[in-house]
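As written, the chains take the letters A, B, C and D, and residue 1 is the first residue of each chain.
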């Protein structure tokens, strides 16, 4: 399991999500080892490394990128640092798995993709829903023509926990939450690209934080080049559970995706039937999180392109930026016309 | 709607269930009219007739049977009176719809069936589940061979309301409740007949009434002549709703039946998902109750045998009596060996 | 049932939907009688009247409105005639149940409402979903505060049958189909009103008919004055069944509505689990169609306002016209700014 | 992960199920290592050990039991060898996890339990369903009194794959399949013990193999000492999937368990709604299989009794033997009266 021939992966970012990926790298992937962890926060990398038996830690991310033993990195840092780290890692010859979003401007995304191509390294972005058994089966059925041509799509994300708004950057709902839905909509409308976007959003969960630029509720309508009309929807506080669903209505059928239930137990009492719901993203998509890192490490080993690429991530970012542009202008926006987020929110 | 050519039906028994059937006869069946109501209880027939615009009432059932205008009767009286009333009605030349059970001994059942045959009248017994769209579709799929040969069957009834035990005759759970399940099992295993029966039962809802002969919980295992093994189960107090379900596992597939939900609304809150359940038999099977009377009146008009006959009712009664015999003896019993209920319950 | 004191209702329009309502009026509502039918098509009223035992027919609608015996009318004619007929009926002193939409311009709607008010007659519009047990329970839970403040809503309608496009007037998807969803969204966001509308639509089912102004697929986003963002969605050909669903996410919970299944039967075979779906509106909402006419006739008898009014219908029309305006202009539109449909579709 | 302090576990039996447990021991349990594999079949242990990086293999099981490095063993051998191996392992001072059934006679079971007690080692038997999140939650709710006193229980197992009947020992359906259901019924009726058993069984999937003693379909009714009546049901060929379900109806509520669906994807087409089903036990209970070994190794490390014990396994065996006795005699049998399987099947 820990033979010298195993793939040495370095983790950049030892926070909550980084720790989760670290466990997968350390324990769940045969032929893969977690060889080093870098995190600028004092002690963070060390504590995680000790827990998982990882031999090396760095507080300078650059030192990990310089480590010749490391063949691939997993980047789990704040979103605004992603594109730069992808570029730096690619130049250091490391293959890169980066959490979404891959960048916050289209120019950054272009530079990161170019850097990976020039270095000949693998670049995969963390759209884990593509590795969920249900979403994947839906994609395959649609590709096989089982529901004809997609006409109407829907993808939604509702997070049970509203994080501290002061720590949430502006436009988070589009760049970090809905980015999943934008990717899912492209995944479930294969071969088509988004052309036009309209968005409505508001601070309904915490109206007091709207002044700080926090939008916690958003609905985005997207027209694709095959005519299909898609809706992406997000909200930052679903007290009932972690709610991720999807739907595709095609010319000859429909697919629905998503199940909130946390187990196959149903309780019946005087008030009727009841079932408990999933509360955590990591519960809902546990197997998918493992599968995406398996895909990444397999791609590195096999020297092939992963099934979800930097180009996919750039396309989802394009939708997110168009949605942000739509909020800023109040009208529909063509995808590609908005290359970066405006500084301020429309009052 | 009330032309002289319409079929004149007389109702015998103006209690809760009789009133329900009366409303169907008076309002829901084109070409049918509720022409008379008989009930020995003072005022009962009159009150119901006034409400529904029924022109004639009787306190002597025999007077209704003598009424030449009446072509068919619907019998909704206590179970022990059923067979005798079927015989009397048949001799008076009336077609008969009788609530289940058609009789409480096999000899009574035989006499009632013979009387109907000799008089050339229609005899249908109130197995309404056969007219429910789900149970009917299941029967048709099984008949069409969609699930191959039935191997395992299940039918259950759980009533939300425990009635006053002092008014419940002994063996009610077998003769009046499980009789539905016994019929359903025959309906879902078409062409096969029950051969052997084993029953376990107890007073678990109201242990204090076991001394009075009340069994409120029962599980009956039945072997059919095609090898299929069936379970029928009943319980007299399901606080969560009116619970009727079925299941057939065949050599090439399975069918499940039953849905407790009272509507398509699901509520999600901090405790998870919740849905309300159906509380009343008449809600769950409303359309089926109407459809069985439509079948009966159509059969009378068309002078044809109904889709559920006295022979079907006798077969279900045979299972019920075998189950009672199994309780009395503690062992498995062959169907047909027990022709009437023993007087006392095994201690 | 047919006493002189019963409420005499006249039906205007003996087509498919008119015949359906006629059956309810003739047979299902105690204290109500179908007293006359008017339809300009030769023989249409007569054929229906004969089938249901209705004593009078007219080919001139005005003659029915002049009939002093008639206390209330049910209007089931083409949409563009609705408002004029409501006005005429109100002036003739008849209470009015009118199928949706009540009008196709806001001015027409205003005139119809005023006429009913001035005549002191009941005016109810055919938003049958409000009488469905699930939608009604959802409305009540929301009104009771069970899910807190609504933040996100969804209502959709997908019809299994694409009618002959040459017979479908322009904007039908908004004025006749989505009008239901617009009303549902108001019903499920009680006390709030729509303020801004954006729509995307296309001819995806039959692209060849787009030139004729047929839009068969539409997604409408609506902002309400309590901040809630709603999506209404329609499509004219769902081969899998009649698909009507709803969803409301509030600050403390969520409700989902809709169930495509036609019965409680589930079939399992080598390909997995399967269930049949409802194909007809009248199957899905049968009880609701009866209940809305019961509400109407009860309101007439009790001389009270019905639970769904002309004002409700005008509000739904306002959303439909704003959606049409959004299609015509390509941008978001304020509710109330568009008072009638433009003549042509945006290319 | 592979520090000397980690718990050294030896695997006995390198077949399909043994390989599955081996992978869990080698990769999924922090602080645990797969230290040796024994299998008499030439090359079997070696092939598995090479794949998983396990350092030692034996063809003599006794040699593994003599290995002083090994602290605990996992026994995955044919059922008839279980009890003897438990005894031998216990005498060698090894803690034991043994696949079900722990024994095939009550005397063997008693000796194995005594040996483990005398040696002071942990003995856990492979009732994995107790570690499934749904079954566990049901047990906890029942223990907490959420559904009152259990009155009716059901547990069923239907296996999609009929194995070669010539390789299936007599009474397998009771001793190896239904043993899970018998344990589940005890788990879901906590604090109560079975008292009386009646069984019906047949060869319905492969009637031609009934002569060889193969029973492939069985229904067992069990009376518990709290009055509850339970049904256990098994069948050896469910073409639609791996079907494991449970149900408990108590005095104040009901719980249902089991979901055949393999993902949250539902497909809708002209034939209605469809969903794919789970085909493999290891898919359905993957997490439960890992959790039971985590419980075992934690118990060994913490020197405490596991949550499912030899006594639990003996109780389930007692039900299985009573069911076999019921088949042999055709009547109801008291639990405890049958201590071993009779040699032949009742004709």
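The criterion applied here is as follows: a contact is a pair of C-beta atoms (placed from the backbone, for glycine too) under 8 Å apart; a residue touches a chain by one contact, two chains touch by 3 or more.
The structure presented is a predicted model; accordingly, all values stated were derived computationally and were not measured.
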### Query
Quick one: which chains contact subunit B and subunit D both?
A, C
### Task
Please work out which of A-C and A-B is bridged by more C-beta pairs in contact, and write that pair.
A-C
### Query
Computing the C-alpha centre of each chain, which chain sits at the greatest distance from subunit A?
B
### Query
Where the centres are mean C-alpha positions, what is the separation of subunit A from subunit C, in Å?
41
### Query
Taking each chain's centre as its mean C-alpha position, how far apart are subunit A and subunit B in Å?
57
### Residues within subunit C bordering two or more other chains
239-240, 252-254, 262, 268-270, 276
#### Entry: For the subunit A and subunit C complex, residues of the former touching the latter
149, 151-152, 158, 196, 198, 200-202, 204-205, 207, 217-219, 221, 223, 227-229, 231, 233, 235, 237-240, 243, 249, 251-254, 330-332
### Task
Spell out the part of subunit A that touches subunit D in their complex, as residue ranges.
1-3, 26-28, 30, 52-53, 132-135, 137-138, 141, 146-147, 252-259, 262-270, 276
### Message
For a test of understanding, state which residues of subunit C touch subunit D in their complex under the given definition.
### Response
239-241, 260-262, 268-277
